[in-house]
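Going by the order they are written in, the chains are A, B, C and D; count residues from 1 in each one.
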Amino acid sequence: MTSDGGTPPSRPSTSGLSDDAALRIFRTMCTIRSAEDRIVLGLNSGEFRMTYYGVRGQEVIPAAVCEHLRRDDYMVTTYRGMHDCIAKGIPLDELVAEMCGKVTGTSKGKGGPMHLSDPQSGLMVTTGVVGGGLPIAVGLALSSKLRGTDQVTVVNFGDGATSIGATHEACNLAALWEVPVIFVCQHNQYGEHTRFADFTRTRSLADRFRGYGMEARTVDGNSVPAMDEAAGEAIGRARDGGGPTFLECMTYRLGGHTFGSTTEYMDADEYSRAEADEPVARYRRWLIGDRGIGEGVLHEIEDDVAARVEEAVAAAKAAAPPGADELFTDVFSSQGDLPG
Amino acid sequence: MMDRRSQEPAGAPEDPAITMSEAVNQALDLAMAEDPEVFVIGEDIEDPIGGVMKGTKGLSTRYGRERVRNTPISEQAIVGAAIGASLAGMRPVAEVMLMDFFAVAMDQVANHAAKLRYMSGGRTNVPITIRTSVGGGRQFGAQHSQSLEAWMMHTPGLKVVVPSTPRDAKGLLYSCIFDDDPCIFMETMSLLFIRGPVPAGRFELPLGVADVKRAGEDATVVTWGWQVPEALAAAEVLSAEGISVEVLDLRTLVPLDKEAILASAAKTGRVVVVHAATQFAGPGAEIASMVSHDLFGRLSAPVERLGAVYSPVPYASGLEARHYPERTRIAECIRALVGHS
Amino acid sequence: MMDRRSQEPAGAPEDPAITMSEAVNQALDLAMAEDPEVFVIGEDIEDPIGGVMKGTKGLSTRYGRERVRNTPISEQAIVGAAIGASLAGMRPVAEVMLMDFFAVAMDQVANHAAKLRYMSGGRTNVPITIRTSVGGGRQFGAQHSQSLEAWMMHTPGLKVVVPSTPRDAKGLLYSCIFDDDPCIFMETMSLLFIRGPVPAGRFELPLGVADVKRAGEDATVVTWGWQVPEALAAAEVLSAEGISVEVLDLRTLVPLDKEAILASAAKTGRVVVVHAATQFAGPGAEIASMVSHDLFGRLSAPVERLGAVYSPVPYASGLEARHYPERTRIAECIRALVGHS
Amino acid sequence: MTSDGGTPPSRPSTSGLSDDAALRIFRTMCTIRSAEDRIVLGLNSGEFRMTYYGVRGQEVIPAAVCEHLRRDDYMVTTYRGMHDCIAKGIPLDELVAEMCGKVTGTSKGKGGPMHLSDPQSGLMVTTGVVGGGLPIAVGLALSSKLRGTDQVTVVNFGDGATSIGATHEACNLAALWEVPVIFVCQHNQYGEHTRFADFTRTRSLADRFRGYGMEARTVDGNSVPAMDEAAGEAIGRARDGGGPTFLECMTYRLGGHTFGSTTEYMDADEYSRAEADEPVARYRRWLIGDRGIGEGVLHEIEDDVAARVEEAVAAAKAAAPPGADELFTDVFSSQGDLPG
């Protein structure tokens, strides 16, 4: 996807991806899509009630990135981060339960869909404040450097987040300290209802962020081979002590800002072109056409993830909400410290 | 403050019923029509969206995208730009989408907007209005639900306004825009789409004048914003039990209508301060300590406070409902107060 | 809190006399020597400067520039980086040069550090300490003199510590570093270079335990930080007049030692809360309303508050001296309290 | 001055400056130097007590910039801004009185040296918060654009201020809105006690800030002809509706961070080279050598400004401090609004 939202002319037809890796990425993307479809279904029917920030169209980015991450690598994401959470490995049951506000959720229902986290999976923070995650990611990466481990940290954020102060401070500090962090800008063309070109005169974010003295590149975030290669390079460099990278991953938000919100301000032609080329189907075609994977294999994966999503939903629905005693826990390490 | 009090036009039940969001929109529209120095900046405020809470709907179409300007996601720049234009004599209205995001702009708000008049010995002033939505009760989670009026009150130089009805919202916002000091105007989300009568045309309410939303004899609820309808509902329930409750809606926290608070407290002898902000070190602490002090020995019961629990705002709806005060807990508290003495 | 109270080692007058800045330095040194997960970040903290208030003097030389890291001027990044490393299990100590600059980092402080434990249902925690200097009384002007503990207290999830002596500074800072929650550690500039006895070696004081800095019978001053020596000076003057004043140094505002406050207030029946922060909607309001409430009908006089005037901090020395509370006004206030009833 | 603090090899020997303009600039620079020398004298002797952020070495920048500004143009500066205030035209009497906390000062003694301002002279804000002035300057510039005037706004800040969020947000917004603001970065090599290379990996700030989509250039901030040309170009463009410019003005802080603070962390050789080439003497030599101005003319100016400074100091010392009633004024437009 180029910055004006169209499909780029050339697409790598060969790739360093093994079949196994290619299928793992497919499974991750399908899980994300399946979870989103199921949540949207439930929101439409009134079965669920939550503010949901859709990730349709952005599945490739974390699926490809996480192929290069270990469980003990760190990730930070935003409200629009269910795809990142799934790809990093938060158990589906706990993820769906948290979104439903149940005690079996990652945060016992106290965080909600905007605050998913699970240190066991390395998903350390989901923030609802635009840009708020970047300085924290620098600190996570700093811990690896100070301890001499080879863990890396990936932080996800939107194109809109590049306008805010915290982003700039974090990038300058990461470059200066050469910490192993990858800034994954999921450039989906919009910040809420405002188009990229309407919130900055910068044309290439990669060019701008290179100005901090770190590696930066623009990549087709809807192409698995391209994302895989770029993520692999950046993560490998970080792991080897080569410092941070800014990845401008071009994608497109296939939906409104949140579930139920309007898309009237979006360019209709561009939107339908993007929908016609949506990345799960695009990758599926590539697996079959370019990689010669049999459709049956893909079907099996699709059915399997749909079943797992359904199980997670059923479990979440059956679970209890947090009890009233939870009102006073987790504020401090000891309840005796509450001043109220 | 007496002269101000007398300025307030009486409400008329035959006024058209509109939402608080529409009332805000009318005040902005009036101010922009009247004064070319008024303009609006913020995230997503242009049409077709017209603000995520619709406060600026139609304005960019009416007044153009020069005077109704979408901004990048950069609250420091939004507030700072408003301050700068106001120093040049304009009357900017900035929108910060949610009050939680004041945290990224506190330097502009507290170190600049609030202090520039004083630091210049009065040579400059900052006639800006910052509109913001205040969450709570909608499962938006810990970072989208905070009521931070206490931070604002504790920052000398800021006026703090929190309407509870569409009518008050229109009249007070209009006054904020034409006030010569920085005003923080808090729009409570859960009240934004409830209708109420609002005078058509130019309509102004003075800052610093509390409003008795219900008169009563046995106890006073001092409150504002979201908790006003909760207090009224509690009063209604209690009136069936023979307890007469006065509900005093402060409307503005700075300037603070001490006179009205003390008059009501002296009359009833029993006071509870209710707010959606965290109770601990919250806005109610100022009012409670002031009342306890000024009416020492003249109250029938200790001044109670009912604010949010000391914790971040929980997501799960059951927990969130217990996190904030609401009508049943307000009623319980008043029953206990009246039982006292 | 009782078990904590018993932990506190008695002070020994033969302890070496050092400044609060040196005491801070000792606590940092101890913690860094003991635990490789402790590290320090902030502006100008490396040698040869070692921090503009010298708190980190010598540490980069001793522990290297990996563990004592100068940062760019970017407080959001400083606090955020500390948070991130703490999520990974380290114990970062961040320095924000002056408390006024918290305004640029409030999002990291209030929306992230304070809330991450709760938002993750306890799966993560944020064991950071943020050290900061608190100004006032030095003609630094409106943007370099604010005491903002009220913002911190009103943010659930933050511990707030304000030592008034070198000894307390050492023991409390050590505890903050090893506490599992985010601690805001406020170093009062006008006290930083005054000497007092401090135990050598490892020394720890529990958070949440107030300290009776002077025992008395007729009135209680509840205070902390800068105003502790002012209150002690007032108490000394009053003792010559036959008025016996108890000075309770809270030391930590969160956790708050309610027990100690109420015990002293119940004993003397007369309370004044004194602080350098703005009085209006300030930290004293919480304490005054709590005392007024819990000891309703049992006090001999209304609870008084003495805080800074409602205005930005003025520059001219004469005005600044009147802006903050100090010994003569504290003494006057207590005389009036004792005259009461 | 190049980024490593040395004198650039070539210096324009001719210039578009008229003799009148060249002498006005000299007068401004001498006033700044004379005021600083007098304050430092007073601080050393104990006659004055204040936190003073020296401007020695940075005189050229505002002197050249203000030659292109009108009284009704706006300026914003920082704690290290006495040179900017003098150049923009704050009356010396009021300026010195404010620094001394007297009622005859610009702020009646309530602001102090870190908060000098005088809207009559167009000096709108002096802030003590690093980066805090930039968003405000964008707003001042926006007012000119909205009102259709041709006023421009200049905002001064240090190299250290480029690390903070507000700076980034302001630059992005200014570029987007094309407002008439000039970002004058007084790159004096240090932020407090930290060297430029120790707080960023960026080598050229002009390159980095060009990334926001605005004009940006590096200029020898200690050369009057170079500064004059660059400021003239940028201010002219802004006045003509051509939008913002970022000027990285290379200079050197000839002193500690504040009066009385150490310089031990500064490179001693570099420091003495810079002192040997300090800009007031350098410009004086240029006026005589390259421009053929007689030394008598310069002497007259020097004597005159010294006398004026002495008058201002005498007046400030004779003036009263603000009365106690001033505690409650200027918080709000009406004292009746005080809540306390």
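General observations
Note that in this section a residue touches a chain if its C-beta (ideal position, glycine included) is under 8 Å from a C-beta of that chain, and two chains touch if they have at least 3 such contacts.
Computed from a predicted model, the values in this text were never measured in an experiment.
The pair with more inter-chain C-beta contacts, choosing from B-D and A-B, is B-D.
Seen from the Cα centre of chain C, the chain whose own Cα centre is farthest off is A. Chain A and chain D have Cα centroids lying 45 Å from one another.
Remark: chain B and chain C have CA centroids separated by 31 Å (rounded to whole angstrom). Mean C-alpha positions place chain B and chain D at a centre distance of 40 Å.
Each chain gets a centre from the mean of its Cα atoms; for chain A and chain B, those two points are 37 Å apart. Residues of chain A in contact with two or more other chains: 107, 109-111, 115, 127, 129, 163-166, 169, 172, 176, 198-200, 330-331, 338-339. Shown for chain B are the residues that touch two or more other chains, namely 71-72, 74, 76-77, 100-101, 103-104, 107, 111, 118-119, 141-143, 153, 156-157, 280, 310-312, 314. Residues 163-169, 172, 175-176, 198-203, 207-209, 211-214 of chain D are the ones touching chain A in the complex.
The touching residues of chain D, when paired with chain B in their complex, are 74, 76, 105-111, 115, 117-120, 124-125, 127, 129, 132, 134-144, 146-147, 153, 165-166, 169-170, 172-173, 176-177, 329-333, 336-339. Contact residues of chain D toward chain C in the complex are 49-51, 101-102, 107, 109-115, 127-131, 160-161, 163-166, 191-194, 198-200, 262, 264-265, 321-322, 324, 326-328, 330-331, 338-340. The part of chain C that touches chain A in the complex is made up of residues 1, 39, 66-67, 69, 71-72, 74, 76-77, 79-90, 92, 104, 107-108, 111-112, 116-125, 153, 156-157, 159, 179-181, 207-208, 253-256, 258.
On the chain B side of its complex with chain C, the touching residues are 100-104, 106-107, 109-111, 114-115, 118-119, 141-143, 150-151, 153-157, 277-278, 280-286, 288-289, 292-294, 296, 299, 301-305, 310-312, 314.
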